[in-house]
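Labels run A, B, C and D following the written order; every chain starts at residue 1.
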C-alpha cells in the first residue's frame, strides 16, 4: 500500500468530516461522492464550480474539474471544499465546453490527493477522464486480473479499472465502454469524457442517483437536481438504470449498455439522509419525503411529549412532519454551529470533559423541564445517539423519546456508502430495547420498512419495494456479490 | 484617511459577508461584533477560541485573542473566521489565564487588519488591551480634542478613544476607566484587560448584550449566552446597564460607573435578527421569542395560503411559529447553501443572468403552484426581499405573501449596527403599499411595535417598551446624540 | 494532450526559472533534474530533504520524496523548491529507511504536478516508485507500442515507460528491470524502489552523473557529490556506465544490465554549467575544472583589458581562472540579486523600459571607463549575452570582450538537457564574427574542444574525448537516435 | 511587555536569519534595516518593490510599503521577504506617487508584525507614515516622558517616539520635525511622509547611509545605491549629516535641522560587512573597498599558504584582494547553499551530529591537503569562526590561517546594529592569541584600524578617521550616550 501525504491534512491538525468526526463522537454514515457533467457550454468550468458547490454535501474531502476545449484537457484537483480548491484565476484557466467534475469522501486511511477525481488517463486513442459515484463490487477481482497481465495502477480507486478495460479493448470508445460496464458489478453513476465525447452511465439497478438537465443547448448531468436549480438549468429526466448516453458533436445519443430490464433499486438512504432537502429523486422532493417520514412515524409510534426536536441538519424536515402530525410544537432543542469545518481545532480531551462542545449543543432554555421527542434519521453504532440524548438530559430534559425515521440499519452497503463492519452496527446484534438502553433513551422507535416505502414512493408504488434498495435494512442486495474472498465496504470513488 | 490592504481581501477576489453580499444582492443589516472574556482559567485562549467560535455569527471579518499570564501579553489577530485565523500551534502559544477576544464586522471600506481587535496599547502603567461591541456616539468629538492636544491614533476605531482617556488620566486604572465611561455616550459592551485585571462594562442603557458565567472558579463574559453552553460554563446573570465589574486576584468586585438608573434599552434587533436562536437575553430564549413573533404576526396579519416558508437562517423560527399558529404547513421553500463563504467565487454578471444562484435557492417542487407565506425578519433597502419574492415566483409560486416580524425599519442605528443612510431605508419614505409593490409581493405586513414588545418581553413587561431600544422603528433614541456636526452610522468596534 | 493546472503557478503570477526567465530575457539552458536515494537509514526522508536541497540547482520546479518502512510507501510531491514543498510535520510523517527523491525542471508547457517525481505505481508485485534524471530517446516509440496493447498512462513523462515494461514482464523485478534498461536508449540515472529493494542504474555511456556514498551502514546515491558533503556521507565511487546496483536486506549487489563496454560519455555541460562548483565528477572538482577552463581560455584568446568579470553564478570560477592566468584583476562587474525567486513579481514592460532590472545588474563604479573581459559559460540563443554586454556598456564599460568557456553550442541535446530547436541556436547558423556583432561585443572567443577536454580531463586523458559527451558541440551523439519520426528535445524526467 | 504572535513564525517551525541562525551556529552581526522613498512617480509602489528587493539583505524579517495618491494612504506590511509579503494584486492596489518602504531585522524576541514599518499614524493634521534605519539612543527616556503625560504606544519601536513628538508640537510639520530631530540622539536615516510631503533626514553624524537619485522628474531615496541601479535611477548625492530635505508640490527644499557641523562618522561595518558589494558609499564602491581591505591585510599579515578562500558571501571580495596581492590562488574552499531561507527546516541535533550541514560546506577536493588562508570580515562571539575552521580541517586542510578584514570587535553598537552584550564579544576580554586558540586556527590576524581607514577612505582622507564611526573597535562613540540607566543595544527600527 502507499499513502500520499497531503499537506492540508497535516498542517490543519485535525481533519473534520461533517457527520463523521474524530474519536467516535459522531458516527453518522459518510456521504459518498457527487458528479457533475457539462456538454456544450462555453463556461463549462464555471458551471461545474457552482454545480459541485451545490453537491458539496456529498463529499467534502476533495474536488476536481476536468475540461476540454476539443483539443486538450485542462484539469485541477485538490484536497478540500470546492471553494478552497479553486480560485478565480484557476477557474478561468480551465477553458472549454465539455467538463466533468467530482466531489469526494473517502474511506478512512485513503485520504489522498492521488485518488481525487476526475482521474485522467492517456491511452491509445488520446485523453480520457473519469468521474464516478458508487462502488464496483468486483473491482478487486478485475484489478487482480489486469495486474496479472501487466497493468499498472496509479490509484487505489476502483474507478481506474474502467479506464484499463476501455484501453485494453480494440473496439471504439463507446463499444469498449459498453463491454466494460457489462463486466463490472455494482452501484454507480459514471461520467467519462474525451476531447470529443461525454459518456453518461447508470448501473443496471440505478442504485446511485443521476439526472439530466438542459441549459440552453447544453446538457448538464448531476448526482442531484439541486445542482440544476443553482445554475438555472431545466431538469429533463433521471438517467435510467442500465442507460449509456453518448454526447458528441451530433448531440445526444440515447442507448443502453444492458438490454435487460432489472429491478429498479435506488438507495433508500439518499432519501433518508444523504440528499439535499431541495433535491428531487424519482419525482419526489426530499424535504417533502422526509416530512412524510416524520408524519408516518407519528402514526406508527406516537408518544406524548412537550416538544419535538430534530437532530440538525438532516432530521429537521422529519421533525417538522412529526410535529405537524401530532400537534406537539416543534422547537429548536438542538443547534449546530455552522462555522465548524476542516480547519477547526478540536477541543482537547481535557476541555471536552470540562464540557466544551464540538459542534452540537442542546438549548437549555428550550428543553429544560420538557419531555422531548428527538427525531433522527438513523442509528449506526449508537454512540452519537447516546451522546445527543445525554446532551438533552444535561440541559434539563425530563424525558427523551427517540424516533428514527428509518428501519434498523443492520447490513453494510456495497454500493458506495461507507459503512462500518457489520459487527459495529448496533442494530445487527441488539434488540430495540437493548439499543434504547444503550443510548439512554426513555423510549425508542424505528420507522417500519413499509412506512418508509410509503413515505418515499406513495401508497401505490408500482415498483418492487417502491423502486428502492433497502439492503442495509433487509439484507436483500439487488446485485450478485462476487467478492472473490474479500468483502469491500464503502465507496470506491 | 488610510487603508491597510489585507492580503486575504485581495487574493480571494470576492469578499463575502454572510447577509451582506456584494452588489446589492443581499442587503441585510450587518451584524456587529462579539466579545468574550476569561478571568482565572489556565486554558483562557482555548476557551476564547471556542467561545468566539460560538459568537462567529456576530462578526466574520476578523478575529483576535489577547491573553496574559500575569507577566506579559501574547496576542494574535487576523482577517477571517476564528478557525481561519488561529491554528493549533498559534493557540497553544497563547498561554495565560486572563484573556479577551473579539470577532468583528466592519463598515464598508474599513476592512483592515489594523482595526482588528483586541486593540493593544502600551502606556505609563504597562500593557492595556481593549475589546468592544457597540458604538460611541461622541467618539469623533473626543478624538478631535485628543488630537488637538497631541494624541496620535493607530486605527480608525472609536475604541482607541477609551485607551487614550485612560492613559491621559492621573488616576488608577479603575478610576480612570470610570471617568472615561462617563465621558463617552453610546451603546457598548467593553472588556478591558491588563496583566492583572479584567474590567467589564455595559453602557448606561444596556444597549448591547453582555452576560456573565462561571466555569469552576473562573469568570466568563460573552456577548451571548450560547458561548457559555459551548464551553460548558454556567450562566450567572446579564451585566446591568451602567455596571463596571473589576476582576483581580481578590476576585470579582461589583460596581457601577454611573450611579443614576436609566431606562433599560436592549437592542430589539438582537431578538429579531442578530442573536443566535439558542442564546437567551433578559431571560428569554431567542428561538422562542422568534416563534412568538411568528405567532403574533399570524394573529395580526393572517392570510390564507398553502405553505409557510422562512427566509433562512434567521426567519425559520418565526416561520414555524406562524405555521403552528395558523395550521398552514411549514415547508422548505427556500434553501441556503451552507458552504458559501469568504473564498467563494461570485458568479459573473453573465452567469447570474443565465440563472446561476449565489447562495439562496427556491425549491421548485415545494413552491410550484402554491400560495406561499414568506416570513422574513426585516426589510432594509428592499432589494433582497424583491429578489427572494422573485425566486419564489420563478419557481412557480402562484402568490407570495410577505410577513415581516418587525415594524418598518426607518431610522439609522447609532449604537453599533451598520445601517445605511436614512434615504436608503425603504420604509423611511414609502408606504407599506408602495413597498409591497416594489418587492413584487401579493401582500405585505409588518409586525406592530406592541406585537414585537409583547413577543419579546411578554404581556406585562414592567420596563418601558419592554426594556428595548426601538429607535430604528420609532426614532426614540435612548441617549443624546451630540454628533458634533457629523452623523456616524454603524459599529465603531 | 492534457494539462494539470497547479495552483502555485497561477497565483504567483509570474513563474520564474533560475537561468531561464520569461520573455527571452534569459536564455540559459535549463538544468535538468536531480535524484537522491537512501537505503538503510532510519531518517531516510530527512536525509533526502537535505540531499535534495543540495541538488536544488538541478531542478527548482517540483520536488518529491517517497519512503518505505518495509511495509508501505509514504510520499509527497509538490510544485516549488524543496523548502516550499515540505514542512516539518510532513517530513516527520514520511517515516522509513528506504527512499528516493527528486527535484525537477520541465520543458515548457509541461509544468504540472502530475509529472512531479518520484512516480508511484501499483502493479502485480506491489508498489513501485521511480525517479530519474535524463531522457529516453526511444520512449515515444515504446510508449506507442504499449498503448497499442492497452496500457494507460498517467503522465507525459517517459519515466512511466520503465514502470510499464517492468509490470508487463513475467520475470522478477531485477530481471524485468534489466530487460527494460536494455530496451530503452538514452542518457539517464535511474532510482527504482519497492518496499524491499532499491535499484540504481546508469545508462551504457554514463551520460548523466550518479555517485554512491556511505553514511554509517546506509548507502546514499546522488546526482552530485555535493549532496554527500551536506549530509556528512562519505563518497565511495561514481556509478559506472551500464551498471545496475541492487540493494536489499542482504546488502549491496553489484552488477550490470549491459555487459558490453561502451565509450564513456559524461555530459560536458555538467562541467561547464550545471553542476555545483563544490561537486566532483570523475574525480575532478567542478570549481577547479572551471578555473582551468578560464586559464586555458586566457592562453587561447588573450585580450588586453582592465578588469575581468564573470557572469554570476556559474562563470565566477572561470573568470577567476582567467584573471589569475593573465594578471588582469578580477572585479565584481556584474551582480545577481540572490533573493529573486518563484514568487517574485516581474517588472512590467513599461518599468523595464525605464530601466528596472530583473535580477542582474552591472556595477557602475566598477566598470565605468574600463575595458572589460566578460567570461560566460555558453551562448544559446544569444539574447542573454547581448543583454549583459549592453548592461556593461550602459554602466560605462569602454570595451567588452566576451570569452565563452565552451565551444559553440550547435546541436540539441537528446539526453536530458532542455535545448531549443536547432534553428534557435545562434551558433548553428552563424560565424563567430556574426555572433560577436549580434551580441554587440568588441571581441568574442570560444574555448576550443581540445581546450575544454584538457581543462576537464587533463592532458593525458585516456578515454575518447576525455570520457565526455560533446555532441552539442560536435554532433557526435554516443547513442543511436531512433526517434521514430519525431525529434524529442529536453528532459523526460 | 506584549508579543504579537505572527502565524508565519509559528508554522514554519524554524525561523531563519541569514547570518544569524539558531542555536549559536552562526553569530554574525545582524544587519539592520533598509529604507526606500519615492516622491513624484506614478508607479511609486512598484519602484519601492524593486528598490526594497535590492535592499533585502538589510532586513529579511518584514517588509512594508505605504503610498499616497495625495488623498489618502494605502499600505501593506507583512512578515517575510519582499517577494513573500507582496503579490501582484496587492502591489497594483497600492496606487500613488509618494511612497516610503522598509525592510527590517529585529532584535530577538521582538519579531512581530506590529513593529513592521512603515508605521502609520493619524494625528491632528492627518496621516503620517514613518520609516527608519538606525537607533535613537535616548528614545526610552523620551518615551517615558511621553507616557507620563498620557501618550499610548502601539509598538516597542523607538520610531514611534518621533511621531509623538511631531503630534505634540503646535508648529507645522517641518518645524515640528526639526524640533523632534534636535531632541533625539542617535544614528538614523528617516523617511517621513504625509499625503503631500516627503521628509528625509540623516542624523548629525551621518552614521547610517542614505542617498538620493533621480528617475526622470521623480526623487528617489535609498539606504544603498544598489537600489538606484536596480530601478534605473541616476545617483545624485549622499544625504549629508544633519540634513532635512522636504519634498512637496514645489519640488525639493534643501535644509538642515542641525546647523552645527559635526564630525562625519559613517558606520565602518557598512563597508566591512553590511552593504551590498555593488553599492557605493561616500563615493567608494564596496566591492573595491573590500578588495583593498584584503590587499592591505596581505601586506600587514602575510602568511605562506597554498590557497586563499573567503567565507561567503561577504568576504569573497576581500579574499580575491588578498589572493591578487599575494599571488596565492583564490579557490572555492567554502560554499553556501543559496536556497536556504526562512521556511527551511533546520536539521535535528542528532542529524547535525551525524554531519548534516546547515548551509555552509567546505569543498573537500579543494582544501584537502592544503594550507588555507581563510578570509572573514569579523569575529563576534567566535563560535562561527571556530565552526568554519573545523569544517575546513574536517575536509582535510592541513593548516588554517584566519585573516579578519577588520579590527577586533570589542564594543556594542548603539546606532542600529544588533550586537550582543559586551561580555559576549570575544575580543572584548581576550588577546588575539587566546582567540586564535579558541577558534582552533593556526594563525590569526586582524586588520589594523589605520589599514581599514586607508582601504576605505584612501591614504589622504581629510575627515577624522576617514569619516567613519569606529566605535565598535575603538570605543569612541560620536554621540553622547545618555541612556538614562538602561543600555539599549541594537536596532530600534
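Operating definition for what follows: contacts are C-beta pairs under 8 Å (C-beta built on N, C-alpha and C of every residue); 3 or more make two chains touch, one makes a residue touch a chain.
Treat the numbers as computed from the prediction; the structure is a model and nothing was measured.
Looking at chain B and chain D, not one chain touches each of them. Using CA-based centroids throughout, the chain positioned farthest away from chain C is B. Centroids built from CA atoms put chain B at 36 Å from chain A. Centre-to-centre separation between chain A and chain D, using Cα means, comes to 59 Å.
Each chain gets a centre from the mean of its Cα atoms; for chain A and chain C, those two points are 48 Å apart. Among all residues of chain B, those that touch two or more other chains are 11, 87. Interchain contacts close the chains into one ring where each touches exactly two others, per the touch definition above. Pairs of chains meeting the touch criterion: A-B, A-C, B-D, C-D. Listed in rising order, the residues of chain A touching chain B in the complex are 11-14, 43, 46-47, 49-50, 53-54, 56-57, 81-84, 86-88, 91, 215-216, 226, 229-233, 276-278, 280, 284-285, 287-288, 291, 313, 317, 320, 323-324, 329-332, 335, 337-341, 343-345, 347-348, 350-351, 354-357, 361-366. Touching chain B in their complex are the following residues of chain D: 1-7, 10-11, 66, 71-78, 87, 89-90, 93-94, 114, 120-124, 127-128, 147-148, 150-154, 156, 163-164, 167-169.
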